[in-house]
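Presented sequentially are two complexes of chain A, the first with chain B as partner and the second with chain C.
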Partner chain A sequence: MFRNVLRTAFLLSCASIVFLVCAGSMFLLNVLTRPIAAAQPAASRIVYGLTLLPSGFDPHINASAELGIPLRSVYDTLVYRDPITKAFVPGLAERWEISPDGLIYTFYLRRGVRFHDGEPFNALAVAANLDRITAPETRSQKAIFMLGSFERYIVRDEYTIELVLKAPFAPLLDSLSQVYLGIASPKALREYGTDLYQLHQVGTGPYQMVEFIPGDYILLRRNPIYRWAPPFYRMDNPAPVEEIEFRFFTDPATRAPALESGAVDIIGELAPLDALALARRDDIALLPQPIPGMPLQFLFNTAKAPTDRLEVRRAIITATDRVAIIDSVFQQLSPVAYGPLTAVTPFYEPQVKQYYPHSREVARRTLAELGYMDNNGDKILDLNGVPLRLIVIVPTWGYAPQVAQRLQSQWREQGIEAELRQVPNLAGLLAAVQSGDYHLVAFNDFGADPSVLNNFYLSDARNNFMRVSNANLDQWLRQAVQTSDPAQRQNFYTGVQGLIMDQALILPIRDYVNLNAHRKRISGLAFDAYGWFPLLANLTLVGDD
Partner chain B sequence: MRRIGLPGAFLVCLALASLCAPLIAPYDPLAEVGQALQAPSARHWLGTDLIGRDVFSRILHGAARTLSVALIALCSTVLIGGALGLCAGFFGGALDWLLLSLSDALLALPSLLLALSVLTLAGNGSLQIALAAALSGLPAYSRIVRATARSVRTQPYIEAARALGAGELSVLWRHVLPNALPSSLSAGVIAMAWAILNAATLHFLGFGGDPSLPEWGAMLAEGRLVFRAAPWIAFAAGAALTLTLLAVNDLARRLAAQ
Partner chain C sequence: MLRFAVQRALSALFTLWSAATLAFIALRLAPGDAIVLQLALSGATESQIAARRAALGLDLPLGVQYLNMLSRLLRGDLGVSLVNGRAVTALIGEQLEATLALAIGALLVGTLLGLALGIGAALGGHWLQQLAQALIALLLATPVYWLGILAIYVFSVWLGWLPSISRDNSLQALLLPCGVLGVALSGSIGQMAAAGLHEAKKAPFVQTARAKGLPVHLIVWRHMLSAYGGALISLIGLQSGFLISGALVTESLFTRRGIGQLLLNAVNGRDYPVVQGVVLLSALAYSLLSTLADILAAWRDPRLRRQGL
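On to the complex of A and B.
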């Protein structure tokens, strides 16, 4: 009897411990993170929170967007995109010319530019970077593909270089404005080789890499001799930040507490509910940043019944209440997506908003006209004895599981059954898509040029998850990257966006918005044209909060 | 009651609750039955989640999944691992060498990694997770049974049975097995606890197929995302998992003590 009492007491105390651990974790986190904040050098150093641990940080080799957050400020690019107008402005190239046939890009380089290691910047440095990116042994995952039809370069003189293309490739300037084609010091590239260079990166940008301990932190220090800034870098900054330490906060639940405790000064990818809570604080400012590219969307497999039928796809989109999803999952912090490009992407076509307004009645009628009825009383529509059942592939990131569960719930009410198949990583997603056994798959990509669509909608595209083959789509997408005339590109992309929605190839959900927040001891946080990468040179220290 | 104690009673209640979940759960675990992230109340005892589903109903239905993992793990571990370990320990020779080498190789890998490898080969899904979690505990379990069988086979009563003319299989079945059973069963229950934990971990990491189906590990992962606004989701799933594991471990201790 006494043993039983003892055991009951033991179990009760275990339950209490569980409760205390859960309820007190926020408090503990605060307490634990405070000493880190106190250990920082107070005024001149800030901590920037990264949210992903990419496999590598070499912009020429690796593809993660996360690497650009610190490295955008370590490198300059030949051209830049203005963050507001998205127009191309001079970077390391003072000016450039494009031959009438679109095959030769001539860049006239800025003089007097020096790398952080003291090496001079010139045409040979650009050539060395192009050599490295295109070398097979570099095994570039992104930069080499961004060069498109690049064939070779010609060094005309010390400050003039020509890039020769095999075929016109309009997105080239966009590519050259991205950190993946940032210009690195040839001396450092030679000295450290392919594998070690990422630990000792040397560019010409407003900040230089001081130290990089993989998995731990990256430390940047202000470049005191930086005089060749693009026009949107604030050169009269009264109190620039001297040192920026990047630390990793890969668990979403830790980000908001880290910011509140002062362990981090700036962080992105906050959970929507956390962002709302932070916005109510006096010492923290919320800065939602829309990201150009593709929205969170579900791509229809047009090769598998029943989504091979256009009317079924249209009915499914019409049956979906996207506003309700945005309200609950994203707390109204993201705009509803209507087409294949987000509203902040160049050449976005607002006419896509007219497609498929939510209406349960229209969806039900459309499906009824196709012959879908609930013949066996199981509340699921069926046609010739086959239930209307959709297999949805759902990755774990980007709130896709939460969105998919709401879709499942909305569709169930309308007699459409959805089987969600969650995949834990990209390899799992690609394998699931490869099998062809799916009706919808959630996937997206980012970019400030709509040519990002080519990777998905061309009939021979690597990511043609829709298994679409449309002659008009192929032709317009190809022509749009071959002309540099903005009016012509707008025409092509208007047609492409209209066609994609008319054919109901995707179910767009929300335009991607990165929820950033910063402590108010910092001001001037702004992001470049791609939305992900902060302009660190514009950060100003206001004082202790 | 005295033999199984409070933890055993808890497990019995849990099993009954999971069997009767469709009858006793107040709501459909998949249906949106209220506003999202409502705090615990008389209407929703453990609140609602981000989709507006009743957390209590999901915990009850999740128990069935957890217990089925536990049963699959117990059966496969005790049957496969037990038979292998018993034969290897009793007969020795090449079979023993083979089992030792194999289990040594597999023990070099953490059990979760082993489970992940099984999932890579078998595909993603709830049944696969249950099997992967069960199989990952097999090497350690078969080693324990083997060691028990080896110690039993040198006992005087085994020699006496042999001297009386009993065949090898008969000795194994009638004398070694009954004497190795208590400690093997106890180890099997501990393997079951590990299987429950590994299965929950795999669901937590995003394996397991449909994210809408109620599962404690997946609920814990989802609850973490909204922990500040709605700590009850993660707390409920975490507490259910912790209490179940405590109960299973206590059961193993009692079995070993007998």
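On to the complex of A and C.
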């Protein structure tokens, strides 16, 4: 009797859970839900998955690359880079002139351009944007530094503005082509102030920001009067996407199921195994996109024994089988990296491929010539009683842990012991580097201009993790940003890349490739010159899948 | 009653102060600060970084920074984010509703399922006890993350019944995240309920009630749950800690906005004022919840009333 009643009670309460959850949720619904204007999707709305959730979304203030994925299409820039040739092409400036001394850039602006709020675009609008970016109270985290030696501007007339520099700064056009220097409506900037503008962004681009709920979504809608596109935006698009909802898939494991269930139409940063599995489906297409900048690499600390010795560094690179790492970690979806710049970066020098082909025998011989022997039979080489032991700082992101584990096992076979020290975030990495107690650290950065190297390889660079001090390197890196002549820059960067590899300052692993996939109801997915930012205006709806 | 209220208010204040102080110390012990992290890859020079830190008062001695923080808090000013310049109250405000909906829903699911499992494990027949105990053990051992991924594959990818994106606070959007977090929560609640009821089963007053021939449901609901329900309510109140960490995982799995994501980002970016604000909010919520649980417990259990109320 007692048991029977209890059994019934148990089953009844189990069954009633479903009902109560429903009832409770209905209650919550009534109490908590306020009407959401944008809840009803438009006929042609797609969902685009972002993979990071930046704390700030103001391109003039914040530095995250993620913000550019939606905002690249909200703003136009004075110039653009062609996605394929990476050459500079007109944007909001129809044309531009650079003075022979490289100190004055004159931009002749396009007429008839309007911001999403109806305000006209002109030289004063450009001036207002420069004022905002350079104002100390804006506390710009990236845009202001991208302006380099910018000193002041001169508004020549309504459609002509000059940017005056203190010193020649070749990457300026590259900076001006990026979303961080996108031109915003001066009226909106005034109206919302530094803190709230990010929620109400107004540009001139092919899409306008309709709504932004931080942590939740960003909704863009097509700009119907957009007629001032750069040449690579497809203006005869038969079925452009009307609305795009951006949501945050910060957990890598959620990305593939979201695509499979149709919850998301486009998403990037897929895990290589997920990407391969998705590519086998009929309704999903894979689009690997190489990213210009630095590859996934391990930087050698040249100030700490034994990696202070050039021959040791060379032996370590030679001992590393990069192809095996690409095969197992990246499923052959990334190219092997050979130098400090990825192969799609302007001024990349293919000659770096000749450095340090994998050979266990050569590595063994090199180390033996240096006096490294296994004297105590522990299978680890030693020199004067000190074992050949490397401390490797491994960030938890970018597949560095998986790569580091394979390095560890490859090196062990060579008699080199590696201790992997994982760091959970940038703060941990910087602290670990500052201690100086490491031989290698995995790190990279992105950008279409090789001046990204200056933050790492100049002897007084903040991120000189290699603790390198090389007069030639310093001189070439500096000169390369002072001349705007492409041939001269190519010469400097050829020298820089050769020197970095000759001195074995880094162990390059793989060129960064963003693994994007999209449902086939969309076509035309392509990315800009920086690799991260989609050309949303070129997306075409094919139909339901 | 008054004594109880004053006692509670004082202890809540103490909780808030300790939370603020601990958060302050923990954040300053962690390497890096917001400005250095923001500008690490920007190409900013040392002097530019130093100037910006000075403008925000981050170069002051820690004691001075601590006192500044306390005086700001006393004036009810939570400050502005060091990353995006927005008021901390606004940042928390826009995420709070989503987290509350998730937490309340999960607590509801967790409590009901947990009680059912607890009753089954303690008082059911042989097979029911075995089943419920096994389920409790399984739930205790299952990470909420794994449960969430499984739920997405089953309900969104294979069956296509529920969206894997939790867009708002509608029933459809809340069912999966609340279900996942609630089910994860039910393991520990079920374990506590089972332990309490096991003890109650042996208590003399239950034996007496059974000897008197009272119906079983009366024994369970009126006598056993009265005696041990109070403790159980307090213990459920204590699950708020799990709710916060579980909410973080659940939010990111179902791409829901919420306090969890805000906190994670703020900690990683060393956004001191935002972390401080969220920590204070959690401490406040914890104080309120435990007070509420104590009041409920006293209402259910007259013995507790004589001690405190």
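Throughout what follows, the second predicted complex is superposed on the first by the 502 of 545 C-alpha atoms of A that agree within 3 Å, B and C clash if a C-alpha of one lies under 4 Å from a C-alpha of the other, contacts with A are read in each partner's own complex, and residues count from 1 in each chain.
Throughout what follows, contacts are C-beta pairs under 8 Å (C-beta built on N, C-alpha and C of every residue); 3 or more make two chains touch, one makes a residue touch a chain.
None of these values were measured; they are calculated from a predicted model.
A.B. asks: Would you check which partner chain A:Leu273 touches, where first means chain B only, second means chain C only, and both and neither mean what they say?
C.D. replies: In the superposition, A:Leu273 contacts chain B only.
A.B. asks: Once chain A of both complexes is superposed, is A:Arg406 in touch with chain B (first), chain C (second), both, or neither?
C.D. replies: first
A.B. asks: Thinking of the overlay built on chain A, is A:Val210 touched by chain B (first), by chain C (second), by both, or by neither?
C.D. replies: Neither chain B nor chain C is touched by A:Val210.
A.B. asks: Which partner does A:Ala253 contact after superposing on A: first (chain B), second (chain C), both, neither?
C.D. replies: Both partners.
A.B. asks: After superposition on the shared chain, which partner residues are touched by A:Val89: those of chain B (first), chain C (second), both, or neither?
C.D. replies: A:Val89 contacts neither chain B nor chain C.
A.B. asks: Once the structures are superposed on A, label A:Val386 by its partner contacts, choosing first (chain B), second (chain C), both or neither.
C.D. replies: Once the two structures are laid over each other on A, A:Val386 reaches no partner at all.
A.B. asks: Just checking: does A:Leu420 make contact with chain B only, chain C only, both, or neither of them? Give me first, second, both or neither.
C.D. replies: A:Leu420 sits against chain B, while chain C stays out of touch.
A.B. asks: After superposition on the shared chain, which partner residues are touched by A:Ser55: those of chain B (first), chain C (second), both, or neither?
C.D. replies: second
A.B. asks: If we overlay the two complexes on their shared chain A, which of chain B and chain C does A:Asp445 touch? Say first, second, both or neither.
C.D. replies: A:Asp445 contacts chain C only, not chain B.
A.B. asks: Can you tell me whether chain B or chain C touches more residues on chain A?
C.D. replies: Tallying touched residues of chain A, the top partner is C.
A.B. asks: Using the superposition on A, tell me which residues of chain A are in contact with chain B and, in the other complex, with chain C.
C.D. replies: Residues common to the chain A contacts of chain C and of chain B are 4, 7, 14, 22, 25-26, 251, 253, 257, 425, 428, listed in rising order.
A.B. asks: For chain A, which residues count as touching chain B in their complex?
C.D. replies: 4, 7-8, 11, 14-15, 18-19, 22-23, 25-26, 251-253, 256-257, 271, 273-274, 277, 328-329, 394, 396, 401-402, 404-406, 408-409, 412, 419-425, 428
A.B. asks: Please output the residues of chain C touching chain A within their complex, sorted ascending.
C.D. replies: It is residues 30-32, 36-46, 52, 55, 80-81, 83-87, 91, 94-95, 97-98, 100-101, 104-105, 108-109, 112-113, 115-116, 119-120, 123-125, 128, 132, 149, 152-153, 156-157, 160, 163-165, 167-171, 174-175, 178-179, 182, 210, 215-217, 220, 252-258, 261-262, 265-266, 268-271, 274 of chain C that touch chain A.
A.B. asks: Can you check the complex and tell me which residues of chain A touch chain C?
C.D. replies: 1-7, 9-10, 13-14, 16-17, 20-22, 24-26, 28-29, 32-33, 36, 39, 47, 53-58, 61-63, 136, 139, 141-142, 145, 194-196, 198, 213-217, 247-251, 253-254, 257-258, 260-261, 263-264, 425-428, 430-431, 445, 454-455, 462-463
A.B. asks: Using the touch definition from the top, list the residues of chain B that touch chain A in their complex.
C.D. replies: It is residues 2, 5-7, 30-32, 36-37, 50-52, 124, 205-212, 222, 224-229, 231, 234-235, 238-239, 242-243, 246, 250 of chain B that touch chain A.
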